[in-house]
Each structure stands twice: as structure tokens, then as C-alpha cells.
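Labels run A, B, C, D, E, F, G, H, I and J following the written order; every chain starts at residue 1.
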Amino acid sequence: MSLINTQVVPFKVQAYHNGKFVEVTDADLRGHWSVFVFYPADFTFVCPTELEDLADLYDEFKKINCEIYSVSTDTHFTHKAWAEASPAIKKVRYPMLGDPAQKLARAFDVLIEEEGLALRGTFIIDPNGVIKGMEVNDNSIGRNAAELLRKVKAAKYVAEHPGEVCPAKWNEGAETLKPSIDLVGKI
Amino acid sequence: MSLINTQVVPFKVQAYHNGKFVEVTDADLRGHWSVFVFYPADFTFVCPTELEDLADLYDEFKKINCEIYSVSTDTHFTHKAWAEASPAIKKVRYPMLGDPAQKLARAFDVLIEEEGLALRGTFIIDPNGVIKGMEVNDNSIGRNAAELLRKVKAAKYVAEHPGEVCPAKWNEGAETLKPSIDLVGKI
Amino acid sequence: MSLINTQVVPFKVQAYHNGKFVEVTDADLRGHWSVFVFYPADFTFVCPTELEDLADLYDEFKKINCEIYSVSTDTHFTHKAWAEASPAIKKVRYPMLGDPAQKLARAFDVLIEEEGLALRGTFIIDPNGVIKGMEVNDNSIGRNAAELLRKVKAAKYVAEHPGEVCPAKWNEGAETLKPSIDLVGKI
Amino acid sequence: MSLINTQVVPFKVQAYHNGKFVEVTDADLRGHWSVFVFYPADFTFVCPTELEDLADLYDEFKKINCEIYSVSTDTHFTHKAWAEASPAIKKVRYPMLGDPAQKLARAFDVLIEEEGLALRGTFIIDPNGVIKGMEVNDNSIGRNAAELLRKVKAAKYVAEHPGEVCPAKWNEGAETLKPSIDLVGKI
Amino acid sequence: MSLINTQVVPFKVQAYHNGKFVEVTDADLRGHWSVFVFYPADFTFVCPTELEDLADLYDEFKKINCEIYSVSTDTHFTHKAWAEASPAIKKVRYPMLGDPAQKLARAFDVLIEEEGLALRGTFIIDPNGVIKGMEVNDNSIGRNAAELLRKVKAAKYVAEHPGEVCPAKWNEGAETLKPSIDLVGKI
Amino acid sequence: MSLINTQVVPFKVQAYHNGKFVEVTDADLRGHWSVFVFYPADFTFVCPTELEDLADLYDEFKKINCEIYSVSTDTHFTHKAWAEASPAIKKVRYPMLGDPAQKLARAFDVLIEEEGLALRGTFIIDPNGVIKGMEVNDNSIGRNAAELLRKVKAAKYVAEHPGEVCPAKWNEGAETLKPSIDLVGKI
Amino acid sequence: MSLINTQVVPFKVQAYHNGKFVEVTDADLRGHWSVFVFYPADFTFVCPTELEDLADLYDEFKKINCEIYSVSTDTHFTHKAWAEASPAIKKVRYPMLGDPAQKLARAFDVLIEEEGLALRGTFIIDPNGVIKGMEVNDNSIGRNAAELLRKVKAAKYVAEHPGEVCPAKWNEGAETLKPSIDLVGKI
Amino acid sequence: MSLINTQVVPFKVQAYHNGKFVEVTDADLRGHWSVFVFYPADFTFVCPTELEDLADLYDEFKKINCEIYSVSTDTHFTHKAWAEASPAIKKVRYPMLGDPAQKLARAFDVLIEEEGLALRGTFIIDPNGVIKGMEVNDNSIGRNAAELLRKVKAAKYVAEHPGEVCPAKWNEGAETLKPSIDLVGKI
Amino acid sequence: MSLINTQVVPFKVQAYHNGKFVEVTDADLRGHWSVFVFYPADFTFVCPTELEDLADLYDEFKKINCEIYSVSTDTHFTHKAWAEASPAIKKVRYPMLGDPAQKLARAFDVLIEEEGLALRGTFIIDPNGVIKGMEVNDNSIGRNAAELLRKVKAAKYVAEHPGEVCPAKWNEGAETLKPSIDLVGKI
Amino acid sequence: MSLINTQVVPFKVQAYHNGKFVEVTDADLRGHWSVFVFYPADFTFVCPTELEDLADLYDEFKKINCEIYSVSTDTHFTHKAWAEASPAIKKVRYPMLGDPAQKLARAFDVLIEEEGLALRGTFIIDPNGVIKGMEVNDNSIGRNAAELLRKVKAAKYVAEHPGEVCPAKWNEGAETLKPSIDLVGKI
């Protein structure tokens, strides 16, 4: 069964966040939009560019009340060490979740069991903890934070405007569609 | 288990393609890149804008030897009728697969069993029939054909250039990364 | 076990009815006779002639308080589109049920699982939701609305006249039989 | 699963046929069209009128190379006794199969287990032993031999004219349909 | 486990009795002795001679408050027809049970499953519905009503005279045995 | 399933026969008719009268090539002791089988498990080891050797005269029936 | 698991005792010591010498409040006949239990299933129905009543003198041992 | 199932024998009679008197070609230490088997699982490794070596004199019985 | 699952302690630190040197409120005998547990099932009965009591000083570590 | 079952070793002694002191042909980063295995499933890949490299000198024991 429109499972993990170790649970996802960004491993290659890309757009996400959570199967200790060692990761201001027990990676179906590492999976979660969008790529391809921002905005717009839907490549401010029987076969 | 890096299941369906009814099977995916684009139903609202968006970029996809296949649980008869009735769908030149037996939707894990309709799922498939990327959204959000094109290009580039990976928001022509032990913790 | 004399399963589907989208459930079958007419797919060949044949006799069915429900595994969106495109279907004034989740087709045992389409099955249902007669044909043979009308009338007559049964090829107004021990071996 | 388009199960029963006791098996169905007519019990009320109705049209069935087989869970001994006692059954020239072991009634899914009697079920079987049409009614309604003849003729016509299908209420000599993509949505 | 000394199973069947159709159940066996006489089929050969043999001694059975029930897997309709057609069966004044659902034949373990017919089984049942004696023969051998009468009388005598048992070939009026420790090894 | 027309199970028991201990097996039943006579226990009351009754008719059974075997769950040692102590048993010239392992009693379904004793069961077995008739009574009723002899003769007559059957209460020399279709309903 | 120190199972059997038939149950074992003596069969060879040996010492057993029970799978009828026929058994004054249902032999694990006979097993049972000693021999060896008496006395002595145990070959009146830590390794 | 007349299971244990550690297996039991003597534990109380009693009669056992094996769940190390510490055990010249893995105690069904100790069980084993006699006592009662010797002699005598059996309390040189049909009921 | 940080199972065994037999249970472990020292068998070779090594340091263990328990699958009787026979074991003042039922050895996963002996396993248990450390060696290697003492002290120190941990080869009095985020990657 | 004396499972992991990434498999353990040292996580507190302690004694281990392998569930990327960041880890010259798939931690039974981290477990493995010793501690206690070295030497000595065993706290050069029956109870 697809994860879309299912509830995020209960979880409790240690995270590194702005120089501190904090605990993050599923309860923390309530009341705002969230983005879960899985990546294979700290101290590797594509990963820091993706996290940096998100760090650069972080203020835009905050503006629409959306928190970013990066997740790998590394520990929070390793996240801290990486943050101190890598120029790209130094920029990160969102929580970096440690998932060494691999429960999040397994629940979101992105764990490569043979390797113990996560695939590059991104998940858009609404303020009720329900998954509204997902994207998973083979580990050799980088993601695009701007497109992710566009999709969160669309999901948020539709959630807040019942009766409207966003057409293809919709961007903030563009027109939306209002489904009605008269549109059947007319678009 | 994630669908990423698994083989597309064997299948055989009827499709509507440029005014004709043709049979499409998994064997037809070999030798070129493919994109599978699932959508809920013919004669509905977001769907035609997404298919039109893809139709507009179709020549770009063909240039990189990538075929597009749209799929819904409607029949090929209905696809033909829709193509004749809808100005947006009239533009479509790629095969529109009929999946009334719902085998493709189930195999790609996008079937909403309660409704018999597919979620908006997109899958990037390599010339060996292996899934390299996927994106699935709740049915109220439209996708973006340009971003899809970017990702197919990245997947293709990496497949054709062993030893290189594409960083975040990589676009055709941009620089790539060459993983080596010396980069650990340096990015 | 035969479906004859069993209760129709609970169901809820979307239907196209005289230019509107309406919901139809098993509760709607109570209090009048019903005919369920399954057919393979909208926008095909034998199907419209059968539906037109029923449309032509629709007033006769209404006179005996019998509603007709056509059913295919297409959506109600497609039914609307077909009604607008086909001269035969334009005549239809009874509800056209959409069964894309294939629950009705499976419950009435007319689903061809390999194809996701229904066989040409007709079911006569009494005002308590009990199936009293059924007919299923291979998809290459057309049905006969007049014969169906004759059978509904017979079923209704017997239901309303306890102690009488209708002999072969009985038609409205003809004599019926009153079973008694004295008739044993005498007919 | 529907019985339509499945093979008749192997069977061997005793029958009463024109004053003789004969054995009938599934092998006897090969090479000509067949009609199986189940009814509840010898020496009852609706049954003889149905069998008589068929007897009256028997020459028409023979003309199109179609044999009729009546079946009940009575023995062939009882069939003989009935034929001698009843004016209606005296007319019967087709084989009357005895099914006291209830194997045929169970295989055609018309056995009422609680009573040990068959429902009024009719089955059209092609020269390969494949079921092409079926009709089953609650025991209080009589069937119509003329309509049955019409359907056998349609099934036979389509089987012998590949590429054509019979529209609703088709009768021998009437026009048929030749499905092609150009007819989609045009009827 | 042997049926001897077990309770007759609950049952409800239709019977032909002296020109009427009546319902017979296990409750009807209470308060008098009963004999169940199974035979293969109406309108066959040994069967009528056995039923006639019982009919001739029927008054003797009634004198000792014992009812006879004949049973076959034929219907009560067929029993009536047979009674009218056969000179032997015309004499029968005891109830003829129809067991087309084959529940009685199965419960008394006399059903030949392959044929749907009963073996020639006779059962003596006491006023509490408990089976006290049984006899079953291959279908080519006829039974003896006089010997059956002797056994019912013996069973009844012993039931009514606690402390006595009937020796071999005991007949009404003959001496019985009174078991005591002093007889051990003395007879 | 009824024991009628099934094969006697393989067995090997010790028996007392005319002053000697002998072994009896199923192989010994081949080539002649046999009667198995079960009874509860040596040194009891009805039993010796039944065995004596058979002893008195033993020459008649031998004349038609039929051997008698009495069986109880006592040992052959006890049979010998009984034969020496009881005037009735002294007359017995047929083998008395010891069945302390209770295998025969269980195989013929006459064992009362709670007591370890056999019911009064009689079985007629043909020269191929197939059971053709059986009679079982509650332990308080004595059997009748003359009636048993009549039934063995009937079974033997029918086995030796294919095409004939014995009517009710048939006795040696009486007329038999020859089943044919013309007799249906005429007796 | 060994039977030693387990409770005797509940039972109810018929016994022959001093010219009478009596019922014996597990409740009868309470309040005194008991000896159960199994043997294969009445009217055999070693058995009577063993039972006679016990009969000769019976007064000694009674003196220490110990009852003897002999048991075989024969009936109580046979026990009586044996007592009358055998000079050795005539001496027996203890109850002879009949176990034709083989429940005791099975519970004490001495039944030879293939033969339906018991092994030569002896069991010492205390006044609470608990087995304290057992001896079982192949059927060709005779037991020794005097040794059995010695063992019952030892068991009784120890039960009545807590803190003492009987050394090897202890006999009534001899010294016993009082276990204490100081004796470890000193005997 | 009783252990009598079953084969000793395969085993391999370490033993202490006359100042040496030796291995003993089931193969060592072949070709001579054996006695297995289980006891609870070294360095306890009743045990040494039993082993001493056997040691005193050891020459008698050897004369009849019978070896004694004592067994406890102690190790062979402990056996050696006991032999050096205890005056009684010093006399022992037969092998003392160590069974710390508790396989022998379990196979002979004398293990008290709760305690890990063996009951006082004695087993007589013939030269083929078949158990012919057994005795098991609650741990508070001592055994008798002389009675054991008597029983081994009886078992041996019978094994070597086919056709004879030993009556109760038989001793070497006494008369035996020769079973024959003429003795039935005469002893 | 590792035994570390699990609760000791409930147990009750007999022990030899300073010339007395005492019962030891899991309740006795509460309120002080404990060390369980398993070894293969009394009266063997490496074992006494290990137990002597512990005996020599026993006062040090008592000083830190830690009790030592040696355990083997021998009985407490054998422990006493060993203590009297061996110069090394004479020194032992801690309880020597007897585990002939092998429940402790199995619960601590040190039982060699094939041999019934324990491996050389040491377990450190805190005052709540929770296992904090374990060491198990192949039976040919001796342990080191001084190192064990060091580890108990470390475990005790950490338990009593929340927020501190002991670095490698920590010894009483040496500095400990206080984990804090600032130490990450700095040691 | 204990891991002692079992074979190391097959494995293949990535390791960081002296500035390079290398693959290590079970085959690499053959031909020399090995020590596996599990610890919870890189960039934590006790761990580096333990690894440093081992690094300081590394030459001693190499002298006796013993390789050290440290293992955590971190990746080899993280190991490299730690080696560059931590002064203690910089000293490490042995391979640091990455076990993110947690297969080694699970196979050696040291994985804390809830946390995804390993307990502090040490394993001594012989040149055939067989585990000869193990030590596991709660995560708050540090180990002692010198004691580990002593144990590897003992294991190696015994393996190379059959017939000798090492007593408690044996150190290289000290005397060993040669087990013989004469030593039983003498140490």
C-alpha cells in the first residue's frame, strides 16, 4: 500500500540541532508542515550538496510554516562531528535526526537492508502528520529544493482552499482549478 | 521494500497511440529511458493539465531517447474518446496505456484499492527496465514536467558516466562530483 | 453457491444520472423492483445497442415500478463523456453506475479478472434486495430487453400472488398455475 | 469465478431417451451445440410446461445442430415413469438426464443444498464443451424456449463469423456489428 | 462408532402418506417404536416387493405400537406417482419419506455417494429415538418383514421387562433368560 | 461410509477350533462364503444360545460352502475353557476367534470402546472377502440362525446368477426377478 | 516421565471377589497400602503360580494393612470361571479386576498394544493413591511375592518414620539410615 | 509404551572402572547379560549400601556372564573421588558410568527433571541389548541384589531353554513350566 | 538477545557453604553486588586454581559488598566432598551452588548440552539482579580474579556516580569521564 | 546456545585502515588469531579510550600474530572522519570495520536493537575462525587491553600445546597444568 495519505508512525529519535542534542518525536510534527529528507550517510558526496541546497532555502520554508528534518542512519554524535567538519553542513539550521536503529528509514520504506543506509527519499507531511507527497531516487541523483518548496506550497494551498486543485507546474499566485461536472472533458 | 532499483514487472496492456490501438509490454521499455506517469482518471481536472505539460515538453524527452507512457485504470477506448473530446489531450503524442485490470497500478503501488483509481505517481525507468526514481503525490497536487526532465537527464548522465554523481539541483551541463576518499568531510 | 435468492451485498458507488453525478447505494434498491445490467466498457460496440434497447423500453419498466441500473467498471466521469458523445447513450434516462473499484462486478460474479471488465450479466432484484433471476452471456452476444421485461413481470406477479406460479413463456395476462397435489403427474 | 467461458466438467449419467435407458457423458457434447436445462423435480408443476415448450421447438434446435438435455436430480427410472404418466412429457424427444448423485447440479452451481433440488438453470454450450451463456431463475418463474433459440443462434453466428458481434435483440438474418476503432463513441 | 444405542439425528422431510403430503420430523418418532426402511429408488425392482411385504404385515406392526417409515432419495412427488402407478405400492399405508437432500441416508450411513442412492438398510428405533438394531444388505438381496417383526417384538419385550434378555431365535411367548452370576459358564 | 461392499481388513488372530489352537487370517476367507458372528463375552448369557443356534445349523452352512467364525474380545485360552465348561458351547464345531487386541471388533465397527466388548454383529462375506450384508443389535436381543442362512443363500444365488435379483423374503427355490426397463413401475 | 510418585488415574472396573461381582474404583485405594499385580491372561501358565504365590502370603499383606489387586484384560466373567476351574486360583481371596477396556493396563503402561494383553507389572501404591514402586518383567519370568512384601514394608516404614531411609536389602526390624551432612562420603 | 522388550538406545559415556577412566557405549553390552543400576547421587546415603550389596554379589553375577553398570548423573571425576573417599564404594569392581548429560537417565525414564537426579531404577538387559526386566522405586527404599540375581538367572534360563517358562519365585535348579494346550485351566 | 542488562531468572538451588548445606535463591542476590562463576566440574584441573584465585581475593570482594557464587552442574554433596578432599577448595569461603538440574547453566547460556557441563562463564550482577558484565571462555583457559575485581569496582562506581563513565583499564581512584556534547570528537 | 566454539558467520564489510577504504571478509580471519572489539559509536566517550588502549598494545598483539578489528555500526566514512578529528583514534593502526547493516553486531549477539548500537563486546577468534573467548559489558564500563592480551596468549599456548591447560591468572612463561587422572581431587 502506498504511504500517501497514511499517518507517520510514532517515533522518538536523538537529533543534532544548532549545536545542541535534542529529542524529536512524531508529536513535534503537529501544527505545521514538515519535510523529511533522507540521505545515505554523513561524510559522503552528494548528500552535503542536497542539505546545503535546503539550507539555502530554509527561510522560505520557515515563511510558510514548514520545518525541514534531515535523516540518516548515522548517530547524532556523527551529525555534530560532520557539522563541524564540513563547510556545507555548517550552514544547516534545521534538525538533523539520527536514526541508527533504522526505524524511520524502515517505516518510510527507504532502507536498503543490505547496506543499512537510506535511499534519497523526500516526504511532505501535513500539520496532522499525514504524508501528502513523496519522492525517492536512486542514490546517484541529487534533488531540487526549489521544486520541493513549490510542491509544499501547492499542498498547503489546496489544504487551505477546499474545492480547488492545483494544475500541473502550478506556482504560488497562479490560477487553480475548481472541479465541477461541467469541466468533464472540457480541459 | 522500496521499488527503487527493482525491475519493472512483466505486463501487457492495450494503449491508444496517435489514433491507433496498440499493445505495449515490458519488452517495449528496453533500449531507451522511460517515464511512467500515472493519473486518476480520464475526463477529470488536474490530469489533463499534467498530460498537456508533458506533451509540451515531449520533443525534449524524445531528444534524450526517453519515451513517456501515461497510465490510468481507464480503458484504451476511453483514452481515445478523451483524446477526441479534450483540447489538452489532443496534443498528446505519447502512448496512453489502459490499465482496467489494475495490474500496473498495483505493481507500482499507486492503486487506491477503495476507489479503483491510481495516485499521481511518476517513475523513471532505465533502458534495462530498472526503476531509478519515483514521485507520488496526493491527488490534489499537480506535477512539473520540467523538473522531471531534469531528473531523467541526471539519471542518464550518471548512468553514462561511471564514477561521477550529480549534486543537488544539477542541470544539464553543470559540473558533477567524482566521489573519492579525499572528499570525505570536505564538502 | 448460486446467487439466486441471496441478498445484494452492501455497496456505494458514484453514478451519472440525467446530467448529474449522484451516489447510489444498496439502500436505494428497497421498495421497488430493480434490474442490474452489467456490460464490458463504455465507448465499445455491442454495449450501446443493449443500453439503447433498454432505454427504448424504459417507460414500460417504470410502469411496473422497476428501476434499471447499468453498470460498467468505467468511472462516472467516463459515463458522462459517453452520454455526450454517443447518440445511443444520449437516450438513456436510468442511472449509469461507475464501478472502477470493481466491487459490484466481483460481488455479482461477472468480473473477468484478467481484463478488469464485466461480462454481460443481467440481474432481477426484488423490492427486498433479493436476487430472483440472472442471465450472463459471453461478451459477443446481445441481450433482449423485451424478454427481460417479461421475466420481471412474471417474478413480480408471482411475488404478489402467493400460491400461483408462471408456466413457461408466460406473458402478462396469461393464465398461471396453482400447484396442488392433484396436479402431480397430470400436466 | 463465472462459469462463462469455462469447460464443462467431465461427467457420466444415466438418461431416459425415447423409451430407452442410455448413458450420456461430457464426450457426447462435442461436435454440436448443446443446451442444458435444469429443473427442480419430475411430477411437479412449472417443469412440464417448460419441457413441453422446448419439445415444441425441438425441430428448430435440431436444424441448427443443437441438442437439448434436460436434467433433474431424479433418477432415469423416474424420468421414464413421468414420461408415461404426463401428457406434456410424452412429447419430449430429447435425452432426460438423471442426476441423483447431484454432481451436474453442483458443477453448474444450481443445486439448492438444503433441498437436494436444482434451480431452473439454462446453459448454452458450444461444440468444444465451453459454456457461452447461462440463465438461472428462482423456481417460481418459467423460461422461454424461443428466446433461448434466439441466443443459441446468435452465439453460433458469432462463433462462425469471426470479427462480427450481434447487437441487442439480434435475430437470425438481422445485421451484425463489425467492431473497429472508428466506431468508438459513434454508436 | 456404531450407530447402535445412538440417538436419531434431528430431521425434517416431506412424505407421501395415504394420498396426502405431510411433514415428518424426528419429534414424530417419540412415544412409539419405529422402523426405518431405506431402499434405492422408486420405480425399480426388488424395492416394491420389500415394501409390499411390509405392507402385508403392517397391521401386526401397528398392534405393537410400531410405525414403519420407508425412505428413498426420491421426492415425495415421485412417491405419489409411484403409488398410483404400481400395484404393489398401492397397498402401502405407512408414510413414504422423500429424502432428495440425502440427509437421512447420510446420517444412517447407507448413502452410496457415487450414485446418490441408499443401500437396503433397516433400523429399529425405540420410543426415545434410540437405534436398537440395524441391518444393511448389498442391493441385490431382499429383506424379510417377518424376521423384522420378531426382532422389534424382542427389543420391545426386553425394554419393558428389565432384568430379562431374549435368547437366540426368541419368539413372542417363548421363555427369556434372567442373567445372574450363577449362570456364568452354566449355559 | 457403510462397510457394505468393502473388503475385509487384513488380520491375524489365534482361534480355538475343535480342541486345537490355530491361527486364522484374512487369507483363510478366500474361496468360500463366510459368516462373522461377534458377541460380547464368553461365560455370559445370551451368547451361548446364539452360538448353539448356529452350531445346530452348522451342517446346513457347510453344505453351501459357508464357514462360520464366532468372535469375541476374549482370548483363545478363554474360548477353550468355555468350551469345556458350557454344555452349549461344547456343540460348537466352527472356529472361535480370540480378539483381545480388539482389532477385528474395531474394523467391523462393533466395539463398545467404553467396555472393551463387541456388540452382537453378524457379517456375510463373499468368497472374495467382500462384505455383502450386516446386522448389528443392541446386546439384549438374540439373533436367528435360520434367517441368516436364508440371507447367505440369497447372496450366493444372486452372485452365481448374474442378471437376477431376489425379492423380499425369498427362499431357496423360489422365483427371482430379472430387472428390465419394461418392469419400471409395473411391480 | 516415570510413574513413580504420580497419582493413580481415576478408574472404575468390575471385579470378581470371593464368589461375588463387585465394582472397584480408585477411591477404594484410599486409606491403606495397595499392590496392583498385572498378568497377561486367565487360563495361562505362569500366571496362576504368581497369583497362588500371592494368595499364600495374603495374610501377611493384610497384617500390614495392604490389599492386593490382580488385573488382566479378561472380563470378571472369565475370572469367575477361572477361579472355579483352576486349583491355584481357587485359593485367591483378593479382588481380581477385569480390564477388558484396557484402561488400567494402558494407564500403568503395561499394555502390549499388538496383543491386547498386559505385561507382568507390579505396582506399590500408598494410602494416598501415589505409586511408590514398580517392577515390570518380560512375560516369561515369574515374580516373587516375598520380595514384594519386603518392599511394601520398607515403603511403609519410611512413610511412617520421617527422617529415616532404608538401606539395601533392608528387612523388617533391621536398622535404617538417618541422612545428615556428616554422613556425606562416610558410608 | 513400556521399555520392556525394546532396544537400549545408542549411548557413549565416560566411566570410572578399577582406577581408570574408560569409555562405555551400547556396543559394550553385546554378548553378555547386563544390569543397569541407576541411583540419585554420589556421596549420599542409601546409594552406597545398594552399590556395596551389588559389589558383595559381584562374583555371582560374573559367573553367569552378567556385567553390572552403576549410573548416576555425576561425572566420572566424582565417581573416582567417591571411590577413594567411601569405604563402601571402595569395594566396587564394576564400571561406574558418569551421565552428567542425563541422556541415559532420560532414555530409561528415571530422570527427575526438577532435580537432575535419577530414581533408583534397575534394568535387566539381554546379550542383544534388549530390556527384559525393570524395577523402579521411590528414592527412600533400598533394593535387593539377591532378588536381582534370581531374576537375571530366570531370564537367562528361559532365554536358553525355549519352550519353558519360570513360575513364581523360581530359583536356579527348581522346576520350570512347559506351556501346552493341555495345561489351560489345569494349574 | 544479549544477557547484558537483563534480569537474572528466578532460581532455587542447594549450596555448600562453610560446612553447611543451604538454599540459595534469586532473592538472595538483592541488595549487594554478585559474581556468578561457572566452571565445568568438581574434581577437575583448571577449576580449582580459578576458585582458589577467587578465594584469595575474597576479602577484597566482601569489602565492596560483593558476594561470589561458584556454580557447576555437580550436586552440593559433591561440593562438600571436594572441599574436604582438595587443598585449593578448602580455602573457599563463598557459597558453592549445586546445579544438577542444569537450570542456571542453561539460563546463563553456558551449558554444553552434549556434555552436561558448564563453560567457564563469569557474570557481574548488580544489587537489582541485573547482569552488567559477562565473560565466557573455552574450557582450556583460566580466568583472572584481579581483573574481575577491577570490573566490579568500575560497574559499582558508575552505578553510584550517575553522569560519569569509566575509561579503558580504569582502576579504583583513577579519573573518570563525564560525557558531554563538548567532548564529541575531542578525545 | 553459547557462541563459544562456534564458527564466525560469513561476512563482508567496508573498513577504514591506515588512510584507505578496504573490504574485510571472514576469509581474512584465517591463518592468524583475531580479536573483534565492538563499541557503541564513533565520536563518543569511553570508546576512544578503549581503542587507544588497544592501539598502545598493538605491537604486542602483532608479535603473537594476532590482528585487532574494531567494529561499530557506523560507516567507514565516519570512521575516517573520526580518525582525522580525534587525537586518540589517530593512533589506531588496525582496521576499523563499518557495520551499518548491523549484521556483525547481530551475529555476535551484541546489538541493542532498540538503539541500533553495539554493546562493548570482545571476542577472541582462533586461526580457524572459531570463537574461543568472549567478554561483554554494559556500555558504562571500559575494558582492559592488557588482560585481553593475556587471554589471547593463553588460548594460543593451549592451542599449540595439546595436553596442557592454563590455570587461573596464567601469564606467558608461567607453568601450565597437564590433566591426568592422578590429579583428580589433588589440586
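One rule holds for everything that comes next: contacts are C-beta pairs under 8 Å (C-beta built on N, C-alpha and C of every residue); 3 or more make two chains touch, one makes a residue touch a chain.
Just so it is clear, the model here is predicted, and its values are computed rather than measured.
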item: Topological distance between chain A and chain D, in contact steps; value: 2
item: Chain-contact steps, minimal, separating chain G from chain B; value: 3
item: Rotational angle, Cα trace of chain C fitted to chain G, multiple of 5°; value: 145
item: Pair joined by the larger number of C-beta contacts - A-C, G-H; value: G-H
item: Mean-CA-position distance for chain I and chain E (Å); value: 82
item: Chain centre separation (chain D, chain I; CA means) in Å; value: 87
item: Centroid distance [mean C-alpha coordinates] between chain F and chain D, Å; value: 51
item: Chain A-chain J separation of Cα centroids, rounded to whole Å; value: 40
item: Overlap residues in chain F, where contacts from two or more other chains coincide; value: 43-44, 77, 80-82, 84-85, 113, 184-185
item: All touching chain pairs, where touch follows the definition stated at the start; value: A-B, A-C, A-I, A-J, B-C, B-D, B-J, C-D, C-E, D-E, D-F, E-F, E-G, F-G, F-H, G-H, G-I, H-I, H-J, I-J
item: Interfacial residue positions of chain F with respect to chain G in the complex; value: 41-44, 73-75, 77-78, 80-82, 84-85, 99-102, 113-117
item: Chain A residues within the chain I interface of the complex; value: 19-21, 77, 80-81, 84
item: Complex interface listing, chain H residues touching chain F; value: 181, 184-185
item: In the complex, chain E residues that touch chain F; value: 1-5, 43-46, 48-50, 52-53, 82, 85-88, 109-113, 119, 121, 132-138, 140-147, 150-151, 154-155, 158, 165-170, 177, 179, 183-187
